Amino acid sequence: MEKKILLTDCPDSRGLIAKITNICYKHQLNIVHNNEYVDNVTGQFFMRTELEGIFNDETFLLDIDQALPEGSHRKLVSEPCKKVVILVTKEAHCIGDILIKAYSGAMNIEIAAVIGNHDTLGGLIEKFDIPFHHVCHQGLSREEHEEKMLDVINSYNPEYVVLAKYMRVLTPNFVAQFPKKIINIHHSFLPAFIGAKPYQQAYDRGVKIIGATAHFVTNDLDEGPIIKQDVIPVDHNFSAEDMAMAGRDVEKSVLSKALAKVLNDHVFVYGNKTVIL
Amino acid sequence: MEKKILLTDCPDSRGLIAKITNICYKHQLNIVHNNEYVDNVTGQFFMRTELEGIFNDETFLLDIDQALPEGSHRKLVSEPCKKVVILVTKEAHCIGDILIKAYSGAMNIEIAAVIGNHDTLGGLIEKFDIPFHHVCHQGLSREEHEEKMLDVINSYNPEYVVLAKYMRVLTPNFVAQFPKKIINIHHSFLPAFIGAKPYQQAYDRGVKIIGATAHFVTNDLDEGPIIKQDVIPVDHNFSAEDMAMAGRDVEKSVLSKALAKVLNDHVFVYGNKTVIL
Amino acid sequence: MEKKILLTDCPDSRGLIAKITNICYKHQLNIVHNNEYVDNVTGQFFMRTELEGIFNDETFLLDIDQALPEGSHRKLVSEPCKKVVILVTKEAHCIGDILIKAYSGAMNIEIAAVIGNHDTLGGLIEKFDIPFHHVCHQGLSREEHEEKMLDVINSYNPEYVVLAKYMRVLTPNFVAQFPKKIINIHHSFLPAFIGAKPYQQAYDRGVKIIGATAHFVTNDLDEGPIIKQDVIPVDHNFSAEDMAMAGRDVEKSVLSKALAKVLNDHVFVYGNKTVIL
Amino acid sequence: MEKKILLTDCPDSRGLIAKITNICYKHQLNIVHNNEYVDNVTGQFFMRTELEGIFNDETFLLDIDQALPEGSHRKLVSEPCKKVVILVTKEAHCIGDILIKAYSGAMNIEIAAVIGNHDTLGGLIEKFDIPFHHVCHQGLSREEHEEKMLDVINSYNPEYVVLAKYMRVLTPNFVAQFPKKIINIHHSFLPAFIGAKPYQQAYDRGVKIIGATAHFVTNDLDEGPIIKQDVIPVDHNFSAEDMAMAGRDVEKSVLSKALAKVLNDHVFVYGNKTVIL
């Protein structure tokens, strides 16, 4: 008995759930867990179906394809453990949390390699017997630097690229190589602060909560589809540095929770939003 | 076009989703929203299906009944606004929140009447043109008192009985009149405190968070199926009275959120648990 | 034995706490609770001292004034219950929560009057025997409308003006009448949305949390000093209307918590920030 | 210029703040941050004073001692980085979070050594060049096992002993060696579950939130003074194993936050409570 996950994403039409679950029934696949969602504004249908049984992928997907309308996406996923390449700069909190979770089996992730534009975190990464590549950006144009990183990334052929506090802006060309495949963690606040020193801005504004947002990276100036957000309370006792420290805790927690959803195939990207089933 | 909700609760078997959604399809009912859950430990199946179309309840439910296995429960609900009778003692915070939400249309509730074992809240209730019955417990045995309350409650024939800080223990006989129909809000803490002065106990113990639990009332000494729980942080600055005041805020919030789930038919009671779809 | 609160707000200098507490000691006033804070960036000192004893306000404050440096503010507060005028438009959730808390003694507030630019909430307000003034804005210039409101407000001589979902922008002239005395509740999100339909914008952006901010009103386009912020999680299942409904719960909770801090003299306004002791 | 922290814990009496801050003033020590709290029920006074200046510890403390009443405790702390020995069993989440925080300088901690009653975590600990001692309990009486652990612990002379998911009960004799010096992380729920499989019990009970409590270890069957508590929401979709996984996240977060408070000298233990200034 195998376990696989069928992901369906298509225009809604009457009877879709019936059609798809009928096909599962016909193929003697047991539905362990099923979640669906229809966006009533746009009429898009999403379904995530955990199946158990003996699979003949080819004939099963043939039946599914015949049942679905034009413009449908479907995917049958059999491997929960995803290969990723992680980009970092100098900060240890996000990559550290992922390393410990990967080490202890608490996250379905295979960290193929870590790339840093600084070498600060090399020592930490290598403790866990994971290749660390220092791809220094100094003296290079943005395009040259990304080209070197792309060479490294592509040599591992990862399913996702994770920006674990990678502090440089990526070019549209780089982003275009990995559509819906780059996950970033963003410091973000109430109200949102953009610019070089967000925690200093939050401090100057006297905010009472600070937060973080994990999202897919797109080329919009606006950040891409949001996967997870959370906040923690702060008060007047927090210096800008205290806020940054508190922010690190929520950043690492939000990124890890977002990755858990993505790596276990719970996340559909749809327009500039996510549907999480 | 009408909207109705089909609630299905039965032993799981292969193809159940397909069978039920096929019947909806055949009756030309559109599935606006569907959620299902299978308890893999006990093998029980739960589904909540929001339907839209022109209903022939009789023939539709006949088809559904033929598709479901032995021991199934199903219900087709067409009226979201539920009639309730609310029991109170002296505290205004929970009933006050419900009154404001009912008044402003923020809760699908029809408050048929409020019963108090004290008359403290009569003035507040009557401001909202809702009948208030003072059923005093003094000089009566517990059974006599409940008998008088039952007369009042039954005269309104409510769908639910809500205990909005009703501070007396109900007898098994009373509870048995309203199976899965009495909703209570319980102060409850980490660790849980039982007894007459829970906030004093929480203070004595030096807890750092206090909470509240909304649940269905059963006859177990242990409280019944939990619908909603939440907490708020406290610290050493909180006196026992401060903790009680903070507790009131979380109590009212938890009770209102639990009622919203129950009144909109999202809650299945199953054994001593709830499944909320 | 009386209880009073001494609020001190002045440039920091060595020995300030010693000087002030010495004076309390000399006047045989017992310090029940003391909190102080120094903003190390600007060198401003804040202290809130709850005192108990027999007060001679004049001689006590004379001593305090002599001890404090140039440019100091100090206030001796004896009355916790504050008189306020509340401005509303059509939404009941914030004013409703305040009404219930005032009615049940859970908030140190005296609601002198409520003013609505619509008459929607008149019925609710009058249930609680509080004067409701319908000051309609139609056919009036912004200045004329505010002039009429100012007449009503000033006739009550309130300590604070509370905007409980008052949906019109106030002019600098109006705001200037009540420096640090107007408290507003603002829907605000991650990222912040400005404009006519904030919950529609939040929905369009696919946010995973929504929040609210209570703040003092100033003339900056940017909102004034923040008193309290909080958020609640939402997900793809929430329509724009569902988000607005969830937002109402957090709005009312944040406004009530902010008012509790302000009305009990815990809040110092300092530049564009608050210090809450 | 040095920074030190004065911790005072004594029976309250009029003028205490004035006396202590006067002495600081006289010694030309600047008060950077001051927090005090009086427990009005028991009349105990607590003060935490961050000082800056040139210290003559001996004469300063002599003055302080003369100012304080009988039965006072005071401590002048100059070293924020505390030496600890950590006890573990098999689970990596709590120790992993501490290791990363220590490695990246986000926690004022010096991990002198880690002791495991299993050797599961030895590999992880040694990656960080920290001594790992496997003190196996098999074939030993509880007293013999603790004797061997005490030998190891005492050889490092730590300020605190941290139980980072150490899964064995400690004897009163062991606990008595480290009064107010052992910090434990406890799974704890609403309602609290005691016994071998707490997450299974939480699952069976159908709770909607689970939590964790960090506390000092005492000999009471009841757990000792609580330092920090927090919770996370769960629902019917969580299996007992899912609850355990969610529990691990809140356990590690609560333990790290409690340690930050303790290691930075913010925590007073008083009776069976903590005061955190």
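The first chain written gets the first letter, and so on, giving A, B, C and D; residue counts start at 1 in each chain.
The rule we apply is simple: a residue touches a chain if its C-beta (ideal position, glycine included) is under 8 Å from a C-beta of that chain, and two chains touch if they have at least 3 such contacts.
Since the structure is predicted, the reported quantities are computational estimates derived from the model, not experimental observations.
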Higher number of C-beta pairs in contact (A-C or A-B) found for A-C
From the listed C-D, A-D or B-D, the one duplicating B-C with over half its contact pairs the same is A-D
Averaging C-alpha coordinates per chain, one finds the centres of subunit A and subunit C separated by a number of Å equal to 40
When centres are defined as mean Cα positions, the distance from subunit A to subunit B in whole Å is 37
Subunit B residues touching 2+ other chains are 37, 40
Counting only contacts in the complex, subunit D reaches subunit B at residues 37, 39-41, 188-192, 205-209, 211, 213, 225-231, 233, 235-237, 239, 272-276
Residue set of subunit C touching subunit B in the complex reads 91-93, 96-97, 99-100, 103-104, 106, 124, 127-128, 245, 248-249, 253
In the complex, the residues of subunit A that touch subunit B are 14-15, 17-18, 21-22, 24-25, 28, 30-38, 40
